[in-house]
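Letters A, B, C, D and E name the chains as they come in the text, with residue numbers starting at 1 for each one.
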């Protein structure tokens, strides 16, 4: 975070984002177009899973970004509580729904994929469950940050929650793993072993980078909106 | 708790309830509004016991308690509109509302959510509601609490208008109501 | 009726100002439902067996949790005094409050339950039955919960007390709600169960507004 | 330390003035537990299978229900301002409040659960395990719930919100609490589960008081 | 919200914060107690910024907010005892407690649960707590609210004693504090 300190001031951040956003938008759209071509058309269907394998190109990157998003929230929470960076609060507010959405996309695509693969939309598997709990942690964060009359208080409460939540994430993951393996040996067939064929790996990595850019783009756009909204609220309160 | 008490009021009169802390002013006001049931005694309006037809009696009352009865999430104007409709008045006259708001210097705050108001500003909004209720009888518990100087003047003007229009009022207070022709009832004991 | 509409409108408007409040209740419903597999273990056949019961219980808890503020907010800010002093029947005011509560919780709960049912491995017919029973059963929960909320006004720890008062009264609804789905699965008479659920709702509608009004009056004293 | 003892003592004394409050939480625990057989149906083998999970879930709900007033009462009557202004660490005050909460809920819940377990047809060894896991696990619930209570201070609809915040954080405790009993039944390693439960309690003890204090400070602003 | 404000106080001085409703009196008091963080500005005690060592500063304060901070289920005496112990004072002197209770005419109510007291009686119990805290700085938000005549006199005597003993006090008020040698700070705007 230290290198981003210069962005802590919303006005300076605004200037930065205005310079970066156009290029970022164009890059994301182009990458997405190419990525979709690679994922949907160019890559071969899996010999076992057929065309459903294409879900993976969305599913896996959103899983990664869902998890990374919560780490981001914790980082922003720390910088709000410790350094009182005003931008951190606004960015956390902007990032939480984006992270939650990626988590939700992972859950949804996983569920849709599960139907043909396992015959059920949902099974109480460790990885699925810990992802679901991550989604709940996001929901708690979003609800808490909006539950206060004064948005600043919501920001700080949510920051505390994010810090405790991030300590708990590994605990949850580890406990859920143990919980599941205790009751039910892995009945879940997973694709791939250690090596994934390059014809799939390339589009996967491409989509991962694309969706990372999309994540950054969405967070920045929403941060701009949050800055405007906060200014509007303050102006209304003054009036 | 309160014993041996009897008083009558004519139209245009105000009665100030005074007395030591704990002498029963709040309790008496709540009894008059039928919010608590007195163990004995009767409240008569034009000679008729009001408990016989509580709804009509309630329709005659405007109430200001220790608590303001305002919703923090609604604006001042919305609060007043809902209060009017809950009293059964379907479409309050906008002009009257504006005049009452202006009297308490609330026009600028009319669209602010009540939760963002200070103690005295809230009190003024509640007084506006009392004025708008257009009721024959005002029951007020410490109406001057938290009001600043100009707001106290506004309250006195509103009260005088109400009395001049043939209304009557009963107010518990530690301060001087400051209205001409007011009567005072001192409750004894406690302290 | 103007007062009734005004009160429902006001409560809906208050919720509209804070859409998050409803979202939280629904989120609680989801989280509470997922706790059971975590406590009980992931075996699909056990879970499918208990799904209807768990979902109905979770819906009951969610409705009750959201009820504890039903009258408390009006009580604490003095609005209840104004309702008591309004020159129209307090019974109508009680009904209006419960009605607004059902619109913002019962209705969405009924819509959400089938989605959760999928995670327990329920089939489409059962999911539909789940939604129907909740639709018919939740008004009873709002009314009975409203009564409990009115009775506990001014008591401390009212969260648990409310639940304690309301839960036994809600047991018939729970039994016939979960029972209807069970009946569907085991070839019993779903329609009969549903009819009983509807009858329970009518009984609640006919009795609770008076009880709530009485409770509110004594809370004002 | 004098302040710590004074605060625990005051909270216990407040509860002592109103023994009904604890009774209500325990009664809720009993009623909630009995709801499940009603919703799920009376088959003995299904019930015994899910008993540990249901009892742990019910204990969790009971603890959370009683938590929503933990700091709210102090907040509403202005005592929280006095705690914030006390010249000793707020972290200790947070710990004292959670400690008092555990004494009046966690302890009695742990004592009561085995009694209810009998109704689900659990054997004596399992009943004992139930009590032990609850004894070790409930402090974590009090601490995490205390954090959620502090975070939601001054927020609207805090009942459901509190549950939404606390439940995901309590999942590990639930899993290892219910899992320990399951382990006992299936010949797994009960001791290892218990050790993890204890470790979770220590982690909560080491982190939540600071977070609670931070939350209380910002609630005062 | 509040801008451009600066004042200093010597020992034995009282500062009355006055101003229209919503001018920021309550907010300023909370900022002085470090209960809210001001966006800019500093509070210095004998030249040292108090935020450097907030615990010591808190130890110097006695606080009376709009809310009394009394537990309804505990008696007046129990409330006072707990408040003293929470301030870190293990065994308050019984004689002092009795004297303070007597000053506010609360001896007869000392064993009554606070929830059964009237508005003014509660306020008096909270003032007793302020007196017993034996703090250098009193921060009071509308201390005269709800007090009857004799109780107002008792408060003035207690305040005068506190000042004579070298203490200082800052009080938001709409009424006259009525203490000799008091200074007044008027906050502007709002209304």
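Quick note on the criterion: a residue touches a chain if its C-beta (ideal position, glycine included) is under 8 Å from a C-beta of that chain, and two chains touch if they have at least 3 such contacts.
From a predicted model like this one, the values you see are computed outputs, not experimental measurements.
Colleague: Which chains does subunit C share as contact partners with subunit E?
Modeller: B, D
Colleague: Measuring between Cα centroids, which chain is at the maximum distance from subunit C?
Modeller: The chain farthest from subunit C, judged by C-alpha centres, is E.
Colleague: Per the definition of touch at the top, where is the C-beta contact count highest among chain pairs?
Modeller: C-D
Colleague: With centres defined as the mean of C-alpha atoms, identify the chain lying farthest from subunit D.
Modeller: Taking each chain's C-alpha mean as its centre, the farthest from subunit D is B.
Colleague: Measuring from the mean C-alpha position of subunit B to the mean C-alpha position of subunit E, what distance in angstrom results?
Modeller: 30
Colleague: Could you give the separation in Å between the centres of subunit A and subunit E, each centre being the mean of its C-alpha atoms?
Modeller: It comes to 49 Å between the two C-alpha centres.
Colleague: What whole-number Å value describes the gap between the mean CA coordinates of subunit A and subunit D?
Modeller: For subunit A versus subunit D, the centre distance works out to 31 Å.
Colleague: Could you state the distance in Å from the CA-based centre of subunit D to that of subunit E?
Modeller: About 37 Å separates the centre of subunit D from that of subunit E.
Colleague: Which residues belonging to subunit A are in contact with no fewer than two other chains?
Modeller: Answer for subunit A, listing residues that touch two or more other chains: 133, 136, 139-140, 143, 147, 149, 176, 179, 183.
Colleague: Find every residue in subunit C that makes contact with two or more other chains and list them.
Modeller: Counting only residues that touch two or more other chains, subunit C contributes 18, 20, 24, 27, 31, 38, 41.
Colleague: Give the residues of subunit E touching no fewer than two other chains, as numbers and ranges.
Modeller: Only 66 qualify.
Colleague: Touching residues of subunit A toward subunit C in the complex: what are they?
Modeller: For subunit A paired with subunit C, touching residues are 111, 120-125, 129, 132-133, 136, 139-140, 143, 146-147, 176, 179-180, 183-184.
Colleague: How about subunit C: which of its residues touch subunit A in the complex?
Modeller: Touching subunit A from subunit C are residues 20, 23-24, 27, 30-31, 34, 37-38, 41-44, 47, 118-119, 121.
Colleague: Under the definition above, what is the set of subunit D residues touching subunit E in their complex?
Modeller: Residues in contact with subunit E: 2-3, 5-7, 9-10, 13-14, 17-18, 76-79, 81-89, 220-221.
Colleague: With touch defined as at the start, can you tell me which subunit C residues reach subunit D in the complex?
Modeller: That would be residues 18, 20-21, 24-25, 27-28, 31-32, 35-36, 38-41, 46, 49-50, 52-54, 56-57, 60-62, 65-66, 68-69, 156-157, 159-161, 163-164, 167-168, 171, 174-175, 178, 182 of subunit C.
Colleague: Sort out for me which residues of subunit B touch subunit E in the complex.
Modeller: Those residues of subunit B that touch subunit E are 19-23, 26, 66, 105, 117-121, 123-124, 142, 145-151, 174-175, 190-191.
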